[in-house]
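Structures incoming, each one as structure tokens.
In what comes next, chain A is part of two complexes: it sits with chain B in the first one and with chain C in the second one.
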Partner chain A sequence: MSRAAQISGSIRRRLIGQLVLGSAVLAAVLVLLVTNLARNVAQDTQDSILMASVTSILDTMTVRDGEISVDLPYAALSMLGNVSEDRVFYRILADGQLLTGYEDLPDPGDPGRDGGYITAPYAGTEVRMATAERRLSVAGTPIMVTVSVAQTRQGLMQTLAQVSRRGAAVGIGFFVLAALLAVLTTEFGLRPLRDLAGAVSRRGPKDLRSVKGPVPQEMAPLVISLNSFIDRLRYSLSRSEDFIAEAAHRVRTPLFTVRTQAEIALRRVERPENRAAIKEMIRALDESSRAAGQLLDHAMVTFRTDHLEKERVLLTELAEELVDRLRPVADLRDIGLSMQSEGTPEVLGDAVLIENALRNVLDNAIKYSAPDSDVDIRIGREASDCFIMVRDHAGGFPEGALHRMTERFARGDNAGGTVGSGLGLTIAREVLEAHGGRLTLENKGDGACVTLWFPAS
Partner chain B sequence: MRHAVVPGLLISFWLSYASALHAYEIEDELMVGDPDADAQLRILSTTDIDLFEPFLAAFVAANPEIAIDYVVASSAEVMKAVQGGEPFDLVLSSAMDLQTKLSNDGYTQPYSSAATDLVPDWGNWRDHLFAFSQETVTLVISPAAFEGLDIPQTRQDLIRLLRDHEDRFRGRIGTYDISQSGAGYLFATQDARASESYWRLSEVMGNLGTRFFCCTSEMIEKVATGEIAMAYNVLGSYATARTDLADGIRIVELQDYTIMMLRTAAILRDAPNPQAAGLFIDHLIRAAWGPAELDYYPFPRFPAPEGAVSATRRPIRLGPGLLVYLDGLKRRAFLSEWRDAMRW
Partner chain C sequence: MRFLLVEDSMTLASAVLDRLRLDGHVVDHAPDVEQARAFAEAADYDLILLDIMLPDGDGRDFLKSHRQARNETPVIVLTARSAVSDRVSVLDLGADDYITKPFDFSELEARCRAVLRRRGGGASTVQRFGDVTFDPLAGTLTVGDRRVSLRNKELRLLEIFLSAPDRIFSKPKLVDRLFSYDEDVSDNAIEVYVGRLRKHLVGSDVEIVTVRGMGYRISRA
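Presenting the complex of A and B:
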């Protein structure tokens, strides 16, 4: 099974990308709108001043002594100088004939009733020109007078350039702010997802509880599916464990019956080859029932570690009781059990499980030890941890296999003649891990040294 | 004031102008600096050589690689020369209206430098025109002629005084012939804009047989000799500069308002040597507006008024408004009204 997931893009990158792109578009639109608005306002301002100038000139035009008279007002041109330092041109026509001003100004076209504006090239640059007309009556003849006032657009362009620069600055500022918000929003928005992933990946290997923390609505289907998946997995695991325990239990009873029958039969047969065969049968039966027992133990350990109940456990007391119970088995093979305890180490945990773990370790030590040898048990405290160290003189673990000795069903190469399932050290390790401790295996001198480490209560 | 004396060296220049279709008429010319200098700066100016020579010498001393050809002409001739495309670099003129028109009609080019920032906003039009002097337009009187009378402080005072002493002042008042003098026309039009009392004063002056002159210097001299009792609307700077006449004249700045004329400089659009012209403008501006008072700067320095309009001294504003009185119809109408008032 591969732990790597197939990656296709990133929600974070995609979200940030889309939001930033959106901000950029919005900022560009904003700048365009502002610049356009400013252009219109600036143009309207220039137009209205030009038209005011035109009107003020038209207002001074009168007919005096049968001639058209113009008194160009000072303000007509000086008002244009108030707005910008632009060049100013004007022209006054009567029926198309020049009265005064710049004759070569561009043709305004038809200015209409309210006057008109054009933008046209003139004097090597571009000018904005306002034009208005009025009908005067000279000696009964109507004469159309046309007044045009033009101004270069340099000031306007400078204003616009300034507005554009400011607009661009505002746009960039807006964009940066929006992009920043986009990143923050995305991070914030994806936090529940990251939290859920973190919560699930931080779980221990046996933690099959449902996800309970509150999640946003959009993630509910995912969490519901995940929970239902976890439920199914838990159910299926417990079913298989129940099945194993049930099977082991069911096998152990008939095995016991068969073993009893075999022992009875052993007493009856006399021929050495038959006796050897029956002894071999008994040995195999022992191994099977021990395996079934350990499977049961393992199921029990699994169950109890899932529902670990912690209470104060005095390690020395627990070990002494166990050693007392095992002493008869050891005595059978003339193996000495010595116990040494420093202080009164106390841990929080499940006494039944701890006893089970220690028993498996001691079982192994006794099983592999040669007759007339010793198994030493030391109980003590190192730094903040409590330990129970079990040391034998049986040659130790095979070199190179230390690291896999605690895997299920793994047995040392020297296990050949010894009854065992390969579950003992696995059970011990699982118990210690459930208590937050660890199991260390090493070879010391002529034997193995197995240490059960518990965090002190 | 037309100088008949032309240095022999310059006769050839003189002839070349004269042969150039007589496009315009010069009054005076001066070459300053090394004639073999790398660059020649040709300046067309309305400012008299006498007044300006120390400044030119100082510029050439600071920039020995530049020689100056300084040509003096009346403001109308200056206008004609520029419109005729004469190859000058720089125009210095007291005729603010004509300078504005030259710039407005595109005969000048923009210039900016660290020095141009020294010019107050109202003394810089479009970075084309730079004011380099502020000169009051004043009343110059002969103290002898005013003996026993209060010196008038406002135009109202002056009108009253003239009415009360018609005999003493009849035929002894001078002012510009504004149909001939561009400066006189500018002062008169600005005066007319500033106050209605100008026309009343003109009527009074017309009644007393006012005499008309072409130039400030002539009027000042006539006041100094006592030939006329006072000259109205003359440049205070010229009067101040004539220290030789100091005993015979008195300069009066009228307190109701005193117009300030700005002399302006502009680089011509087709200037053959715009860099040298720019240097010269920088030099002018530093002398006029810089912190240091330089002894070769020929014009009085006034503290620059805070706004465009100070209480009494009012600088003529540069800008398109100045074009109005240059309009042919407007000018004809103004001159006709002025002649009516002055009975000329």
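Presenting the complex of A and C:
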């Protein structure tokens, strides 16, 4: 099983990135709009004052004694002076001839009927100039009078710079606030996704229940597919295990019926040769049921090692339960089971498999032991490995056959009349190898010593 | 002992019934969950043998309701499965033990004894014969004020003898009941255990008599 996922980007980063970028653009647009608006308002204000000044000058122009007379009203220029410290220039032309003012003011072009405005360089700076015309009749001749009033723009520029600075400050504030909101919104928005991932990953390996609990509408398709996937997985897993269980049931039940009938028959039969035949029958039945059982066990072990699901297993606890289970069987033959445990060795593995491996080893030890002898179980830790050692006093494995005892269907020469399939140690070995451990066989003293080694968790 | 057997396969059930009756047990048979409930309510059993796959439900359902009804009768589950998860689930549901089919009846008896011993319901099973007291659950034999702990084979042999005092048991029959069929033992192996029992019975008025050419019987002197 692969735990790693191929990662391409992050929704969180992408969302935050996009939201922050969006707020940056919005903030910039805001600053531009504010600055522009301020510029227009300021310009309009200056323009209307300039034009008011021009108009008031035009209004005072009269024709007296065939001469154009200008009486510059004080207010016309003072209203400009009030606005700022800027310098004010004016020029009055009659048919293009200078009447009074600064002759070198920039050319206003055609001001049109309502007057016009230009912005042009003048006197080493920039001026805004308003111009308007009026037709006067001098001795029956129409004369076009053009009045221009200009003002430098320093005050306006200062105001504008100030407005821009404030605008920028507001823009940055807006951006920071929006970015903060973006992060918060993303975190909040992704919470259901994180909750779901947490809920699924917190599950134990055997937990194949559907994912429940309300999820946002957008996540419903994901949860529905996840649940249907879990269902299919559970179904296919249970079908395999059910098949093995069903097979066991079908094989063992009839064998059990026959065996029981044979036992009854043995009770009723007296003649030695008939009794021997029935005993032979019972032994054969035991052999086949045991072989069937071990073949199914082996299938189960293969199935589970292929889908190894590890959890914490306390070896002492597991062995104690198993020994308690086997004690009545061992008692039948007056075989003592003694258990000794140092510390609390803990391994990561499949408890069903480990139990199966140990049961096979213990079954062997009990089966081959002579009546009134002992089987010793020792559990402990050596270096970084945990071990369960099963030792009997039944004469040990035949020398020279040690290395092939864990092969399928291999049985020791001393198996003699003992019922067995030769799969027990194979199962144990395969279970241990699937857990990264090993099974060692040796002869110690007057018996066999089988050790199950596990890498410590 | 009084058993209730819950098992749907009739051939298997009748074989088990016959076999248990041979050992002198009283056995009722329920083929499904419904009848099992009726039997369990109507009578007091020493032990219930429960199959898991039943026609009208799961044996585990029976187990659950049996425990919920605070019925204290011990239950041993007969299972064809051997996966730990199944076994753990029946033990969690309140089964006292389980045994995988097919089993040896001496193993079933051993498990029954272990279960009953664990439950501590032993007083009624104590047997008195002559001046000895025999407690098969505790596995003790008391002669006067001397109490000995019996090993398993001694205990079972004494149980067989005491099930029918003065009856003669042949060596082959005793071997059948004391040893499993995969053990290759001669009929004379029984002499060892008879010898041990005789040693325990020294000083009592009970003796195991050898009947030449026939076998043994237990009698009061």
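We adopt the following convention: the second predicted complex is superposed on the first by the 248 of 457 C-alpha atoms of A that agree within 3 Å, B and C clash if a C-alpha of one lies under 4 Å from a C-alpha of the other, contacts with A are read in each partner's own complex, and residues count from 1 in each chain.
Keep this in mind: a contact is a pair of C-beta atoms (placed from the backbone, for glycine too) under 8 Å apart; a residue touches a chain by one contact, two chains touch by 3 or more.
All values reported here derive from a predicted model rather than from experimental measurement.
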item	value
Touching partner for A:455 - first (chain B), second (chain C), both, neither	neither
Touched partner set for A:297, first chain B, second chain C, both or neither	second
First (chain B), second (chain C), both or neither touched by A:100	first
Chain C versus chain B, contacts on chain A by residue	C
Chain B versus chain C as contact partner of A:255, first or second or both or neither	second
Chain B versus chain C as contact partner of A:380, first or second or both or neither	neither
For the chain C and chain A complex, residues of the former touching the latter	9, 11-12, 15-16, 18-19, 22, 53, 80-86, 97, 100-103, 105-107, 110-111, 113-114, 151-153, 172-173, 176, 180-184
Residues on chain A engaged by chain C in the complex (per definition of touch)	241, 244-245, 248-249, 252-253, 255-257, 259-261, 263-264, 266-267, 272, 275, 279, 282-283, 285-286, 289, 293, 296-297, 300, 325, 327-329, 331-334, 351-352, 355-356, 367, 371-372, 416-419
List of chain A residues in touch with chain B within their complex	69-78, 80-82, 85-89, 99-101, 123-124, 154
Contacting residues of chain B [partner chain A, same complex]	103-106, 125-126, 193, 317-321, 323-325, 327-330, 333
